[in-house]
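Listed below are the structures to be examined.
Consider the two complexes below, in which subunit A is the common component and subunit B and subunit C are the respective partners.
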Partner chain A sequence: MMKRSGAALLAAGVALTLGLTACGGGGGGNEAAKDNGGSSAGGAQDAFNAGIDKVYNPSDKKGGTLKMAISEDWDSVDPGDTYYALSWNLIRIYGRSLVMYNPAPGAEGRKLVPDLAESLGTPSDGGKTWTYKLRTGVKFEDGTPITSKDVKYAVLRSMDKSTFVNGPTYFNDWLDLPKDFKSVYKTPDVNTDQAIETPDDQTIVFHLNRAFGGFDNFAALPGTIPVPKDKDTGIKYRDHVIASGPYMFDKVEPGKQYTLVRNPNWDPATDPNRKALPDGYEISLGVNADDLDNRIISGDLHVDLAGSGVQPAALGRVLSDPAMKARVDNPTSARTWYTSIIGDVPPLDNVECRKAVIYGADRVSLQNAYGGEFAGGDIATSLMPPSIGGWKKLDLYPTGTGDAAKAKEALTACGKPDGFETTMAYRSDRPKEKATAEALQQSLAKVGIKLTLKGYPTSDYYSLYAGKPDFVKKNSIGLATNGWGADWNDGFGFMSQITDSRTIRAAGNYNLSVKSPEIDALIDQAYVETDTAKRDELWAQVDQKVMENAFVLPSVYSKSVLVRGKGVTNAFVTGAFDMYDYLAMGVQQ
Partner chain B sequence: MTAPLDVTGGDTEATPEAVAEEAQAQRAIQGRSLGRIAWMRLKRDKVAIAGGLVVVFLILVAIFAPLIVGWFGHPPNEFHQEMIDSSTMSPKGGTGISSDFLFGVEPLNGRDLFSRVVYGARISLLIAFLATLLSVVIGTIMGIVAGYFGGWVDTLISRTMDVFLAFPLLVFALALVGVLAQFEQSLGVKGDTLRILLLIFVIGFFNWPYIGRIIRGQTLSLREREFVDAARSLGARGPYILFREILPNLIAPILVYATLLIPTNVLFEAALSFLGVGIQPPTATWGGMLSDAVTYYNIPHFMFFPGMAIFVTVLAFNLFGDGLRDALDPKSSR
Partner chain C sequence: MVAYIIRRLIGAAVMLAVVSMVTFSIFFVVPRAAGATAEDFAARYVGKTATDETISKLADSLGFNDPVVVQYGRWVKGIFAGSEYNTGASVESCPAPCFGYSFITHQPVWPDLMDRLPVTLSLALGAAVVWLLAGIGTGVLSALRRGSIFDRAAMTVALAGVSLPIFFTGIVSLVVFSYGLGITAPGGVYVPLFENPVQWAYHLLLPWITLAFLYAASYARLTRAGMLETMGEDYIRTARAKGLPERMVVVKHGLRGALTPIVTIFGLDFGLLLGGAVLTEKTFTLNGVGKYAINAIVKNDLPQIMGVTMLAAFFVVFANLVVDLLYAVVDPRVRLG
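== the complex of A and B ==
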């Protein structure tokens, strides 16, 4: 009797506390809504996924400092030298590219809107020439007006891959450059008008070497953010990037801290996209990842700049406590984690043996290896993630805990009824990939496929090991963990680097296993197709072919567990980068 | 010529202490060997005996790991997803400790921690013992040769020891294991066997100077002793004197320092596994488990059990080694 009442009392106590916290949370939310002075109340209500597809705590109130931190550092703040999604997201606060991704929640955020340009590009010559008109009255932080020549210089400069090693190479690959042009530093006098023309200060014309329907995505690259030629210091430009956006760099301590303050020469009249709410930004680098999570939870920091979600240690904490879970947003990224099934290595040259790997894999344990349904993502059925235009749900293989019967059938068809042995490579410094390799080893052993696991360092994974066909063949690496995120959310942005067999070089490949002339032909069709819907359809076919040929074993469509900082306004996850939109976010006053 | 260890005459200065303490031993004053005296002293040292018992226990656990796991656990690499909460990826109920899983389960995949700690003992002890053996063999030979012959041989070997001692061992081991593991085909072994051999080689090969220096010093004093002169005057040659006259007198320090080197090597192996160049997954090692556990610092039992295993092993060997030293060499000041 005593025991029971004691338990009941305890239960009542727990219920009471829960009620209290719920009230507390609600109260805080209401207060916040009042502070907003009527701007759509209720948005500040803490709730799971409150920042997905809608704006959490919408506000137009300016002021405050947004505190951001990151556990490492990213490649560079130089617009011509950066290839991180977090950087492309952040760069919009101090730089204005010709075109930008709409700062809006969800899929709206994937739409392109003109930024420095007055409108999206005008194609001519069947998509080989693209013209942009610049807005008037846009100035650099020192007050000099921005002209089309600054944009041209920035694009040409970003193509110097020996100085700027990090950025994408789309302009290098697609612009119709003269042969004798090396770089803006080595050959400054070469006339590059055949690639980029600037007939007047407001007009810029790009000439491509072949037609490309999606050029606006190129125009949205940070490479088109204007750089004044007389202020360019090459690799040192990153120490003081000249701002064209609403904020400019105040303090730059490489590897430690950046602070940004308002740019007095930014004119809101020239900029319909930016609200520029905070008075400044404080960005700390090299903060311990677990400490960073704790500081966001406690309210000491607003944003984890990396945007990839909390560490495993914080995961249990934020998901099991309802009050904490209400501060979580759980977006799906345009990223797939998968295992390449490499047909260069017998017996995986036989499609049936490749299928046996997919049938035999315990897909749930692969999902768990990446962190489960929240931190890992949904079990993937294809290479292309759902947020890419044209994505179709494929249902070619079971997604349960492994289908031993079908795997055996495929093994028999392959002529290896008793299974086979092969080696699996993974990135040894990535715990999730190690867990993936262990999980696959366990489940494939049940159908007779024996895996030897080999870890290689991430830094050289593609250049020396899994991405080097010679090494792969010599060491009989039949399986290799892999992952890919879209540069932007269309088929080209996601698939072109990882499914085109003609991109495969002697080393440094990201496409480890997709080798099919049929797929290459589809990609060629997609390149020249200017109709978006038809283009999307072609990329969906590529995706289907990849799965039919069992070139990859997809694990998950990546999801991340993001914690909303305390006291942030206007917070939402943008579909362009699948993390909080750093341009729109403000601080509660 | 008799082996000095069995002789009562040579080293009698050690006996009076033992004699004084044991009243009834007065009559049996002769015929007690140094080894027996040491054993008597060791037996009286309760701490050392406890350490020794733990060491024996650990060795038995390592040898009978499959049996123990068969009775009390699950196969060490077997996944138990049913023990894992599918949203937070942590064990259900915090640790998953139950009569079925004595030490609980790992987060993410639910592997049985008890089984993994038990199997980890095999790798840790195997590597520590064999690496120590390698160090002792190289160190003894080098030390005895340097000490006995002196001159340029001594200079050469001593300077080599200095070079080895000055080596940034951990950094070098990291690089070496990483590089050598790439040449699997040419080495002819692969997988865990290759890794274990590599670790034994790296750990053993770079630790020999510690024992080498001690042996050299002992040899320097031993070679001036009368029994060596006697042997020499009877016409004994270098190798005979080295291995039949001097070496038996070195058994005590060798035994002591080997015992004290084992825990160092356990730690070193754990450090290498922790840093990711040790045994490849999924094979369980204590260092590797600790390394995995760091990411899950909120699930302390994951770190606690392998950590305790290392702690207990190192402590037991150290206590036993200290006791052994006191017993064999009572003159040494603590």
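== the complex of A and C ==
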């Protein structure tokens, strides 16, 4: 028995290996890559990028179970405690925030539309006060009507960062809270009306400590999804989130699976944004990443919830087989992979030395390190990616295989004509970052810049190593691989956490290198600017200054290779999250 | 015999205590020696945007500012007396045996481990049956037909089994047998044995065979070598001279003599597997102790890592004890005392 099984496995293994090698040998740049869209009047059908900017297999037919899986897990299903894009995408099936991103393909998906609120926010007091009116007739899964007080409670509870450590801190930073307010759990009796008023059950008014023109983006945060105070169990609320959207949790098995079924108290008359096509969702957690790809390819699963693309093992297969490629979408994300050039460490405190690093870098090898044109992304010329409002193409540095002459010129200007030595940090458990560090080491060696590479574990990368200024200085870390995705697709959503020097603290920093009073001043201007176009222009200037000062070496604007599951309907990539829109997707019967 | 068992049990308890101290030191003392502060430990449990104040408060509330001995004492006390943890809105109880509380998943470690243990037990037991039958059977036949085509073919396959990693054979077998031929279940599903035994076996069949393929190979080679040695012993010749049937000579005398090293290695292998068949569980998406261990390591969830380490150490120590007791059964020359 053993012999037969073993022989069969061996034969299968050899066959598959040969098959994969053959597939991989074709590379990505074949003619099939050029087929496009193929949309019909009613929407796109099987074709490469059929789900980009249009709807693949449009349908309003309800029924079936949408099967999703993810190779690991995400922070939390609690709307007050989550910071993953996939989670913000998914959360809309069971929670309704005041405002939401339009469930539509491409750039349309970045537009804000009212959800729990009747309309977008009404600003007053020069942008310091924002008022929303709630729709009537919206209920929790237990039939209790949703009021503005439930939204206020949800926002306030999400601000308790000792309990909910994962979510963003925008409300903490911007609401005009009384000083004696600590949290809804520790100081439940403190009056918080100066920050959030609820004059009646349908009205909620936010008061900010300074004007902010983009507050509707805050209102779209999962933190505004209502939470009934009497059902709040603190950190344990994640075990039973009370639904306000069309689906509610049926099974919650942390680390294993979630299942969701229809919420009988969701009324479609109160909700113009949701089609609610599937009868339910099955979400498996911790599925082997390669097996997950195989299951989507074979039709056993519909969606990889992570939305970050297939693994390298499946990449050659899906890109070189025309039938498979017709099931692929290749969106550009609002994420840039880059290397921080840290000015705290001499001689990189001299801008010319920082420029030498950028001139000397082989940008093509960096693109290849991240996975090439399809799986890695396009070569980046700026920190800000193109899908962010206000983005302008910058052309400050060459994007080829490195410009040795310019690099030498910069080194001479920096007083280091023979080059210099520095240390480069990368996340050792991320093969792409290791490849990036090695590629940079090779290309910079040609201009006399000698890099010593040091890998650190991802889990402690920001808290103990590259994100800790004392450690960086002590270990002379001049370069560090880095990457950032937008909280939402405007300048504030992408740039505020990684370019404002005032966000830098003792440890746990994501801004490793951008330290400029000039940039901080531009950011302050952008914060108070209520005109969207002017605000976008200011963020574009921030981007320009970051590159002029050579604070970062951008590698790629991230792209991902997504595979449409067999039998999905209404599938498209939303510009809000740059992955499939989980709210709109249905499944064929 | 009783005195021997008691002595071994005391030894096992001491061994587990030492393992716990060493593991605790690796995670809590070594980083401190390298300069990590209490806040650095706490920073692992906060999100992207926590302020220094939040991190500092968390370090206090998680007790990272206390001396390491106090922290270790608190952990040991939790095992025997349980602990309580403040989670914000409520105080969560972690009843004894409390092997820690994960501040990432906000679940006590012990119930998580017990929830996942049946999966690992089912996987290890089923695979052990398959690999013992296949490995020992092949080894005996190879030894008896030394130099035959069967012997050479079996040993070649065995070499492949030892050489191929499980994440390769696992994925390949899933692609071929589950997604291609559709004769075995895809990964990701575990049906409890007492809920539906047929479905339990159906969903575990491929993981069993894949895992067993790896181990059967070593056991076949080990059995073959042992059998070749014992079959040349004087007592085998004596047995044959007495006129015993060949089957009895092989099974009762030859195999029994060859089993001693097999039992030893089986005890270690099985004990290790009960602590988590890490690669198999990950490959087939089985939510057992091994996959729990991977998640804990990826997220740097120290209480979970400590819990898994202790469980794995317990199984290895316990399996070794059982092996020592089994020696007396397998080899009549061994006497415990």
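Here, the second predicted complex is superposed on the first by the 545 of 589 C-alpha atoms of A that agree within 3 Å, B and C clash if a C-alpha of one lies under 4 Å from a C-alpha of the other, contacts with A are read in each partner's own complex, and residues count from 1 in each chain.
FYI, a residue touches a chain if its C-beta (ideal position, glycine included) is under 8 Å from a C-beta of that chain, and two chains touch if they have at least 3 such contacts.
Remember, it's a predicted structure, so these values are computed and weren't measured experimentally.
Enquirer: Let's test your reading of the overlay: on subunit A, do subunit B and subunit C clash or fit side by side?
Expert: Superposition result for subunit B and subunit C: fit.
Enquirer: Under the stated touch criterion, name the partner, subunit B or subunit C, that contacts more residues in subunit A.
Expert: Comparing subunit B with subunit C, the partner touching more subunit A residues is C.
Enquirer: First (subunit B), second (subunit C), both or neither: which does A:435 touch?
Expert: first
Enquirer: Pick one for A:254: touches subunit B only (first), subunit C only (second), both, or neither.
Expert: second
Enquirer: Quick one: classify A:232 as touching subunit B (first), subunit C (second), both or neither.
Expert: The answer is second: A:232 touches subunit C but not subunit B.
Enquirer: Once the structures are superposed on A, label A:75 by its partner contacts, choosing first (subunit B), second (subunit C), both or neither.
Expert: Second partner only.
Enquirer: Touch test for A:298: subunit B only (first), subunit C only (second), both, or neither?
Expert: A:298 sits against subunit C, while subunit B stays out of touch.
Enquirer: On the A-aligned overlay, A:290 touches which partner chain: subunit B = first, subunit C = second, or both, or neither?
Expert: both
Enquirer: Given the touch rule stated above, what does A:463 touch, subunit B (first), subunit C (second), both, or neither?
Expert: A:463 sits against subunit C, while subunit B stays out of touch.
Enquirer: With the two complexes superposed on chain A, say which partner A:163 touches: subunit B (first), subunit C (second), both, or neither.
Expert: Once the two structures are laid over each other on A, A:163 reaches subunit C alone.
Enquirer: Classify the contacts of A:505 with the two partner chains as first (subunit B alone), second (subunit C alone), both, or neither.
Expert: A:505 sits against subunit C, while subunit B stays out of touch.
Enquirer: Enter the shortest inter-chain Cα distance between subunit B and subunit C once the structures share a common frame, rounded to whole Å.
Expert: Taking the overlay as described at the top, subunit B lies 6 Å from subunit C at its nearest C-alpha.
Enquirer: Which subunit A residues come up in both lists, the one for subunit B and the one for subunit C?
Expert: 290, 313
Enquirer: Going by the contact rule at the top, pick out the subunit A residues touching subunit B in the complex.
Expert: So the residues of subunit A touching subunit B come out as 290, 311-317, 319-320, 362, 364-365, 368-369, 371-375, 428-429, 431, 434-435, 437-439, 441-442, 452-455, 474-475.
Enquirer: Show which residues of subunit C lie in contact with subunit A when the two form their complex.
Expert: 36, 39-40, 43-52, 54-55, 57-58, 61, 87-90, 92, 105-107, 112, 133-135, 137-138, 153-154, 157, 160-161, 164, 167-169, 171-176, 179, 186-188, 209-210, 212-213, 216-217, 220, 282-285, 287, 291-292, 295, 298-300
Enquirer: What residues on subunit A touch subunit C, complex-wise?
Expert: Against subunit C, the touching part of subunit A is residues 1-3, 5-10, 12-13, 16, 69, 72-73, 75, 83, 160-169, 183, 185, 232-238, 254-256, 284, 286-288, 290-291, 294-295, 297-298, 300, 313, 457, 459-460, 463-464, 468, 497, 505-508, 510.
Enquirer: Applying the document's contact rule, which stretches of subunit B touch subunit A when the two form their complex?
Expert: 77-79, 81, 84-90, 107-109, 184-185, 190-191, 276, 280-282, 292, 295-299
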